[in-house]
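Both complexes below contain chain A, partnered by chain B and then by chain C.
After this line comes the complex of A and B, so read on.
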């Protein structure tokens, strides 16, 4: 219980929210809107998994939102040129991987602080995209939306893909040596090095992986609508970091599970539709999200403070 | 590293930044239209006041090894509350200003409490308050309400000149002098650096770490409130999205100015130069009729270059030290 206090408290908060919805607004639990919500959040879940890895490795990546936007627009442009969708998917992931490798090279290779590096790349990619595209939306040809499948199937595909990635990564982190290396590097890079792990390679790898997941998420986002918004992904970094932190991953690295991240994301994702169903004005969404983050860390702070003395 | 060599490196960073600034100025003077005029200089100064204030307040925070992402959100919240106090509560402007600064101090106090008393990581706390403050501003205005029609005597502060300089410049100058004294001429400044190098070490040296850390966040709250008032006076309106993204410019300016994001090293003159470099870049690009997006891109590139430039000598010297320690004999040719 103590070890997984953060995960349990996020799950408890989610349970209370769902219970309140079940009592006061049963209309929330209709299959179709819920599926739409899950589909909308599926790309976010994929990015949040990557973010969790980065944060467990004691780094941070705030450029994911901009990477996401660039990848989405690239995917849209390639699809509009009638490339086969599989090729578009591969290219998008490759582009994301390149962005990730760029961050990784600066952080792991030159030893620069990740928050500043990704701050710089965030601004650079976003402004570069605005410059090149001037905020034009990309129209997608027929047959791209939902991979040409019926909407229902397409939505289920996206949700299942996201869940599959979550489960695979969670198992890898827990049971496979390379997953444990991420924790080792995050909790003490020097000790990890003495144990024969190469911290720089791990850090680089985590950023590359983050980029690849961002590319995949961008593709998952692109096929959801008939057009690509050049401003997509704005605020994605904060949303995913919030989900990761609420889910109990320590920002100081080396601690956290993907199950917690999943719970945290569900909690944050349910807040704004829940507000609508509970007849609270939607303007409160952001404030409540902020308060949730603060509550999550304060609960932890108070608890560990008690333990310390 | 001895004190003298250390000082030299600090000096060098600021000298390089100053050279970049001069180069920027000459470049835009040559290719831009009406760039180097007195009017435009005033304009640059006017537009950099709010970001400059935020960057000044951010410097001691980063010196202690912390960060504050919430300053721009607090700017938005304070702008809205200032409008509320003046229009809806019917307060006279000076009283509304005082109340707004009080709110800023309280909001900074919230950050300070969570960070110094509960010892939570500043990045996460201020990420939470980043959302919270902006969200409150949106909730209070319901996302649409705008406050306008401020009296001319108030707009003078943001839009007019006083003795030939922009009316808000004296406030900025006063803040700059205050922070320079605080960081470079008092024991507070030394304690910020000590905390940034090692909080535990600072505690053993008898520095009240929690109180000092709390102080810099409360100061940032107060300065954000002042920036909010100047922002409102400059634009003549207060909206919930006031100052969106300013926190990134402020952090960029501080880091560009040579302050280490890990804490312990940095200076106020460096921050001022960083603010100037960014402001001149933005204005110059607008005057040279280049696409405005280039300013953001170049800021990012400049930031990476500044960082890489500051670590490369360190890396080379550490490599050299390692080689010397290993005493590798020179290979026979």
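After this line comes the complex of A and C, so read on.
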């Protein structure tokens, strides 16, 4: 069976969806709503890229949504204090990196299972934030939204930044040693260690990187509106893990590409608006997303079963 | 004589590959029937058909004279078929008694567990096979050979009439092998039939009544074996021995090998090196508490093959892991080319020119999901990819070079690791380490579970590497291999070197040193 079967099937599903829209609801393809959709999903793509690395490395991070919320609120507060936006950006990324390093230290340093560690941090950061801020929204001063640029330019900037990160990471995974090592550690950490790779450093690294990307994504989200929602990022972990799995990354590590993740994210992101355009009631959206994920996991199961013989 | 099992013209295909091309095979009550063949000859597929794991595409299966239409693992179990695999299939977190109990009961999952009888039964079974294992021990804490003995106890307890053993002695010591053989003979005289798979020809001559050789999914022939073991059979004289007396001309090892590979290949090991060079690796009173290694002093010279002999658990692998920095030393010195070094991690070991081809290649030697080329270059990224940008052309060239040099049989550098046979995986693992251009090469059981043809190729490769000036430290449990390959033999016992013997020593000397008998090593 083709090595990239999963990536191709995600792409085929996306193709079919777009084709159906082109025939039955050409109104879907208006530039302005599409750009808005892309802008909304840009931060998710950035987080999904990080999540793909984590999962390829045979770990998982379900605390990204909470990290995202804390980073968003921090970014908002700093911006409200009239810090220069570049400094706000750098600080937000640094905060995310710290969160990632915390997860990474517990997982790689103490050898704890990442699902438990990040479950704990997910709840802790989210509830800590709620307790500290009492659910208050942060009002942003003028000139923060869209970096003070015209809306169109701001939207394009975000989309291009997300795409640039996708391309850079995809190239890294394929063409730089460290990318290859992520796959090696995810496939067989002990074999990788014997081959002279440091699996714990790699694991720590992917979590730190995940945090940094979450910080960046939070900033990209913050500048989209005049206020910061303290509950932003709720469900982000599910959304990104879903995109990663639908895109063909093996949840057991060691396999997958970022192109697949990109396709998976596009597919999931298009389902809800597509339903609206096709005049299907919107609450079917979640169910169809769930079914898509299930289908992807089942396809994986069938594939590995076949490989075993 | 009762016929236990009869397979007629069994065929099985996997996709385009025909694994079995009409094999007929039979097993009589009270016999040991050896199954021989290179890796990929179809032995495993045949076994899986007998145990019900695979369904045959054609042909018939008769068990105890009755035709069986659909054989599933559950049905096979009920018909008294038990299989002891190379890798024991036990539950590591349960105790020995629980594991045995699960196999014996199992039928009614809601019935109450009678812990006392379960424990007693386990104890009885273990005693019957002469295993010194506590029924309350957690299986995780047992060594591989001990787990194998537990598997055998399970098979016995289930009252198996057809017992299949797939390379049971691969990780056993001489003494444990002796115990196992006694169990097999006991099974035989109780009227069970044993299908015995092994790459060790001497075992087949010791144990088997008949041997069937498979090649490329076909049966090359079934021969009677004139067992070399004379005295023991006198008491349990049966029809099988009468058959032996009238057996056709004596079967020889070389004949068997010829049947397996379809050509005559020499079992002769490549000639030894005459003049080893300077000392490359020198250990002085090396110790590692965590690994149970203590007070090891050893010199390995360029161009020589130094074997580490000893029983399983003597500390050979642990010593290798200490030198390689997996369990770093906490006493003594490692001197590498005249310079005292400290090695705390595999990375440091690699950087200093030490390579370690680990024992369990299926788990740690080769990354199964990765292509051959990526596996081979895993340790040398810094060298072949300056500036860290991966150059696939260079990688492919490097892989092709090793594929040619070591004669790796894969459909190309992009073939994934799991598509290769055991011997070829071992070559890939070896290539990865040779790529790091080491000065010291540590091989841990380099030919375990590898077929005869690939084994002799690997031996030639090792000798050639030594000739090129590598210092080779080879751990092996295969006595003929140690005697045939070594320039010197260091025998380990209880975590330290018990004796250092010249390469031309006899099997008896090595064994007595390993067992700690008096006068060893003189």
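Note that the second predicted complex is superposed on the first by the 300 of 309 C-alpha atoms of A that agree within 3 Å, B and C clash if a C-alpha of one lies under 4 Å from a C-alpha of the other, contacts with A are read in each partner's own complex, and residues count from 1 in each chain.
Simple rule for what comes next: a residue touches a chain if its C-beta (ideal position, glycine included) is under 8 Å from a C-beta of that chain, and two chains touch if they have at least 3 such contacts.
These figures come from a predicted structure and were not determined experimentally.
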| item | value |
| --- | --- |
| Which of chain B and chain C A:284 touches, first, second, both or neither | first |
| First (chain B), second (chain C), both or neither touched by A:128 | first |
| Contacts of A:188 with chain B and chain C, given as first, second, both or neither | second |
| First (chain B), second (chain C), both or neither touched by A:154 | neither |
| Which of chain B and chain C A:298 touches, first, second, both or neither | first |
| Chain B versus chain C as contact partner of A:175, first or second or both or neither | second |
| Partner chain C, residues of chain A touching it in the complex | 174-178, 180-181, 183-184, 187-188, 190-198, 254-255, 307, 309 |
| Complex interface listing, chain B residues touching chain A | 67, 114, 118-121, 123-125, 127-136, 138-139, 141-143, 248, 251-252, 255, 261-262, 291, 293-297, 299-301, 303-304, 307-308, 311-312, 315 |
| Residues on chain A engaged by chain B in the complex (per definition of touch) | 60, 106, 110-113, 115-117, 119-124, 126-128, 130-131, 238, 241-242, 245, 251-252, 281, 283-291, 293-294, 297-298, 300-302, 305 |
| Chain C to chain A touching residues, read off their complex | 14, 326, 345-347, 350, 356, 358, 363-370, 374, 378-379, 381-382, 385, 388-390, 418, 432, 436 |
